[in-house]
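Structures for review follow.
Next come two complexes, and both contain chain A; in the first it sits with chain B, in the second with chain C.
So, the complex of A and B:
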């Protein structure tokens, strides 16, 4: 029997309203947040994409943006900004061919292994082809700019900062974390001390390292003099300047790795360690087979967060070396900043978009290939 | 679902929609009023009855201590006189241009006045972003506009109208240690070759008696600092020899850059060679570092604006009081043949303004700090901002400020050059004052003086592209030929983007070329 049609009208309207309200309530409650996110995140992204395709000019009473297509990107890759962005490419030598050849072979093996896998999917294949092409291109850029008369551009300098910096930050952070979870006297004190660099403003860190690396009037001048290095300066050499910046970056960000890894180490179960100890396992075996697998998921997340953050480095090169010598220590963010400062807003947005592509590319690789696989194997 | 729940949900939906509609509605007038007018009267209003009672002006300039210092020091005096409260907001030098432009073009208008480089007015004035100050100056007898050096009057004008009030007169000169050169039996340098020879001879000698080897030359070379100005002081006498209207930056026939030639390449060589006789980290030093080294007695030679003269008499910090000589920037005995791009010897035809066979072309780099007024703010604020800049520039104030090293201001009024007593009162000896003022006056008055580039996008030509390419050359990333070619290409790109004919017209207009 169909009772609904027989029921009085008001009750039916109430039910409909109630159902609609019930259905809409959740959406409406999150609507302000969604709108705020769209406004604060998506809108600027689209607006800056348009700006990267435009030219900024001062006009009567304000400014005007003229659409120039891909001109700003063209300048970055094959135009006047190419040398700055990609670096100076050295001529091919047997060594560069050999190194690049090895990388290509490795990438081909990676792709072939996937294709021979039973679980091949279209999206997986596209992703891996893009990854291979991306890695191949970056490898080509690096092997031709790293040595033999080549010069790093802002893109490759940023990659150096990111990967070398994170490597040392993780190693040092893990070492310090391992040290402070031991039952040593004063460990609580040192935990606080090790955290201090992270609490200092990045510009403060940069000025401090600028002073420390000043060999002519910095606090270590007597040491440099004693070592006969009175006429030596870190900043006269591209790799010296990059090393100085990396030291500052590692000093600043190691505490972040440290504090998270301390938490990870302390939260691991003690029973397996005790059992292994009873079974006669040595310290290395305990670390390799118990501790390391336990902290690996946290480590992967930690590295991912730092990876995204490290691409945006700007304070240290700006303050310590003004991006010099030449453009040797300029990162992509610094490159975008220089263009922005000169009111080349379009070119600045184009650099910022290239940075976004790079961050997304490496983050996707990390999430899809490394982190996922690591977590799955545990 | 019971009716109570339904009612609650409906009520909640209505509230959410209400909030959204309210958020999307136009803001109330009270919330859009400029923050500065909302300042509590009790905290800012001075004594009643003054012309700018209750007016607060925000002045944007370069981060101190120099340049901003006089504004901050004299702000309270101006408040006592006029009732206007002065807020001085400072940003790094490299951010100043962008800050001014984004503030005015975006309609933010947070600043009522700007103390900036007068060469930038060619970007701001045509767009109507800064106020035409001609009528203000015409009515302002206290400013004594005629007392300002004619060339600086022109430099602060555009299209026959005054757009900024100078507080500073900038031109490069070379400073040398009188005692060190005398002890070594050396003459002050007349040419850049002489400069290198003196620097080489004195490099490694102990110049201040502290037992440590010192430097022959200190000219800063850090990127994004002042390198692009130093190189032009070195290049100018090689490129320009037939007077200001000949030009040094571009060929006045077709606006092609004058950088891919033997003259500019020679300047690159000289600039780099000065680094061999300087501090080891000179490639990371700005002018502040060079000044510190010179004042502490560690350098035999340096190039700077007028600041060294006043810093050298600072009893608290200087170790070179009465030991500093000032010179017009060194010249060259060879100049550019514009047709061939080669260097040719100076003679009566090629170097009509040469002195003893040496062509000098002093470079008025930057042009001195000058105050401009935001055209988009209330008239009362415009008046107050103008009045403040006028007050700062009037002889009673500026005559003192230019004699103080801490201000960063250098002489730019005829009265400041003629009144030697003010300089003696500040700590100069009679001979030092005459030498210092004589060198600056000779430089500013030279018929072959080079005025800083003053065409649209000058910031991009000089402070972005020249800076980047020059720093790569200094770092050894580029050869001399690559540097000259890259700079040429880069400037051509900017010129083509901006419009060659328009840029050429601007350029010829600013140097008085026909």
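So, the complex of A and C:
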């Protein structure tokens, strides 16, 4: 760069301008994005944190924010919103203690194994301690709300949506992708068809599934009738309603997994598979030892993308069940939205922040997993 | 020699045996062929049948709900209320009432307006996100950035300062000006002291992590922000928000894609005297077309279907189609027939685009995201 400017070219002003412009290129290319993200992500994030620490009131000619410290969060954990956010805790039973004890032992083993390892770094230790604490807390919440008369809160419901949903989406997406990369006539037709659900607006999908799951007017009425369930509205049953929402979610987002996995499977090298076939490997062995390692990095990234997006679920519960029965199908975003509608802006921001913590917690675990995997393969 | 042939009495049974054993081996071979594939990627006949069966079932599961939408859109309210009717003309008499109501009747003005809004907002935001995101992705791959930690901390400190000052009752315009001034002063004095700097990967991670923000966590300040700027219920508000929320996805996908473009081409062009912009415009962009198309399609789908942000940021003028659909759930109960028409109107353009660009999607992902 320096040599360019030292070259004697004073005669043409255009060259000077172009060299200056060229030197600025690095900034020009990235500045719009940085500014946009600062303007609409970082600033709102900090402002939102402030709102979550304040009480919102409509005042004359606008609104008024009063600083109330951690009050909004306190309400979420021990106060009036506790049942809604964390769920209704069932009393301890031997079973609860047993399951929780097993989880604690597993986490302790995980930590101990790291500590006994020769290479222990401070950041690694902090990360793992946080992970253990996070998982411990979450499992404490889950073992108390999942059975025995406990009731899931919006936090646990969101976790159920995210993890059960992603599990089925990935399995289905992978199986369908493996079937369509075979040399079958008409596979392009299937590919286009399989892409469709992703293109439909989630609101539309939600209404569509509300129509389909109607037991008295929906298309499956004869089946419901045959089962004697004509007057049973599965949207009135907490797990039934959650299942309905999960089915909608899986229907809509399996295509995303599918299309990326198709791309991954098609870019796989053929030679190792050929060699393995010659050596007499069966198809399960080929999948387990050749295909699976090849698509593992993509799968990780894919699951991370879906993980981040899935935590934002709101349209399906909002439209299909209105969050009901009770609060059984409400996700965290929906919880925040309800608070916003009730003008509890501070509480709404606090819920949103808890959601952000959850997303960050799980994404960080995943990002670290991906990094470890890539280091191992290198 | 003759001794070698079996005697006639024994010959018959062996012939029968040979026949059966031949038949058996034929059947065995046939069976084997049924389960064996000719080449690696071609399934065996039985495998093919099974594959078609599973693919067919899933295709049915996808098409049937869509079919139900089409059927419902030709029903009138009583036909929906009376229970399921499956096939038009056979089970029920189809009517165009809902289509007329949406496209030519009472709702046509709303539909048309919101449809136009969607057609303006979604592609424009997708395109802008693609332009900014692709340039940023290219820059993150080819340039080296070293932002100082001190500068970043000062910047965040100044935002906090301006917020605190605003909440104390000072008008935000003044607070912002003060914060900017303080930032510049601190930048010249304290900011330079911190030598620690971040690298490109940290910037990329920061940008991508912005996608982790749940929209609901930032929508309240954004709402207040646009209210202060008097931009609520305008195209600008929606487009700016959509572009920002989709930039991370574009950067994520395009960064991996740009990585696969050989740097030698750019070096050659640079030696020939092409400027950075020229190189980007006439070498990188054309080579990145498959990746750009795939990314554009993803972002277009996201913006086309977005509901939550639109719900907060638009009230009447710039409402988009998802809001129209949700609005059909009126006090008289959900108007299924109208809803079906609206959903169909909304998905037809995207489906056409998807079918046209399907080849690009796989190709774009194939080289780019997959290697990431």
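By definition in this document, the second predicted complex is superposed on the first by the 336 of 378 C-alpha atoms of A that agree within 3 Å, B and C clash if a C-alpha of one lies under 4 Å from a C-alpha of the other, contacts with A are read in each partner's own complex, and residues count from 1 in each chain.
Everything that follows uses one rule, which is that a contact is a pair of C-beta atoms (placed from the backbone, for glycine too) under 8 Å apart; a residue touches a chain by one contact, two chains touch by 3 or more.
All values reported here derive from a predicted model rather than from experimental measurement.
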{"item": "Which superposed partner A:340 touches (first chain B, second chain C, both, neither)", "value": "both"}
{"item": "Chain B versus chain C as contact partner of A:48, first or second or both or neither", "value": "second"}
{"item": "Touching partner for A:32 - first (chain B), second (chain C), both, neither", "value": "both"}
{"item": "Partner chain(s) touched by A:274 [first = chain B, second = chain C, both, neither]", "value": "second"}
{"item": "Winner by number of chain A residues touched, once chain B and chain C are compared", "value": "C"}
{"item": "Partner chain in contact with A:21 - chain B first, chain C second, else both or neither", "value": "both"}
{"item": "First (chain B), second (chain C), both or neither touched by A:216", "value": "both"}
{"item": "Contacts of A:321 with chain B and chain C, given as first, second, both or neither", "value": "first"}
{"item": "First, second, both or neither for A:123, with chain B first and chain C second", "value": "neither"}
{"item": "Residues of chain A contacting chain B in one complex and chain C in the other", "value": "18, 21-22, 25, 28-29, 32, 216, 340"}
{"item": "Residues of chain A touching chain C in the complex", "value": "18, 21-22, 25-26, 28-30, 32-34, 36-48, 50-51, 54, 65, 67, 172, 175-176, 179-184, 188, 190-204, 207-212, 216-222, 251, 259-260, 262-264, 266-267, 270, 273-274, 277, 297-298, 301, 305, 308, 311-312, 314-315, 319, 332-333, 336-337, 340, 345, 348-349, 351-353, 355-356, 359-360, 363"}
{"item": "Touching residues on chain B, where the partner in the complex is chain A", "value": "1, 3, 5-6, 9-10, 12-13, 16-17, 19-20, 94-95, 97-98, 101, 105-107, 123-124, 126-129, 222-225, 279-281, 283-284, 459-460, 463-464, 468, 471-478, 486, 489-490, 493, 497"}
{"item": "Complex contact set, residues of chain A against chain B", "value": "14, 17-18, 21-22, 24-25, 28-29, 31-32, 35, 55, 58-63, 80, 83-84, 88, 151, 214-216, 230-236, 238, 241, 321-328, 338-344"}
{"item": "Contact set on chain C toward chain A in their complex", "value": "39-43, 47-48, 51-52, 54-55, 58-59, 61-66, 68-69, 72, 80-84, 86, 132-133, 135-136, 138-140, 143, 145, 155-156, 159-160, 163, 167, 203, 207, 209-222, 224-225, 240-241, 243-245, 247, 251-252, 275-277, 280, 301, 304-305, 307-308, 321-322, 325-326, 328-329, 334, 336, 339, 342-343, 346-347, 350-351, 354-355, 358, 361-362, 365-367, 369-372"}
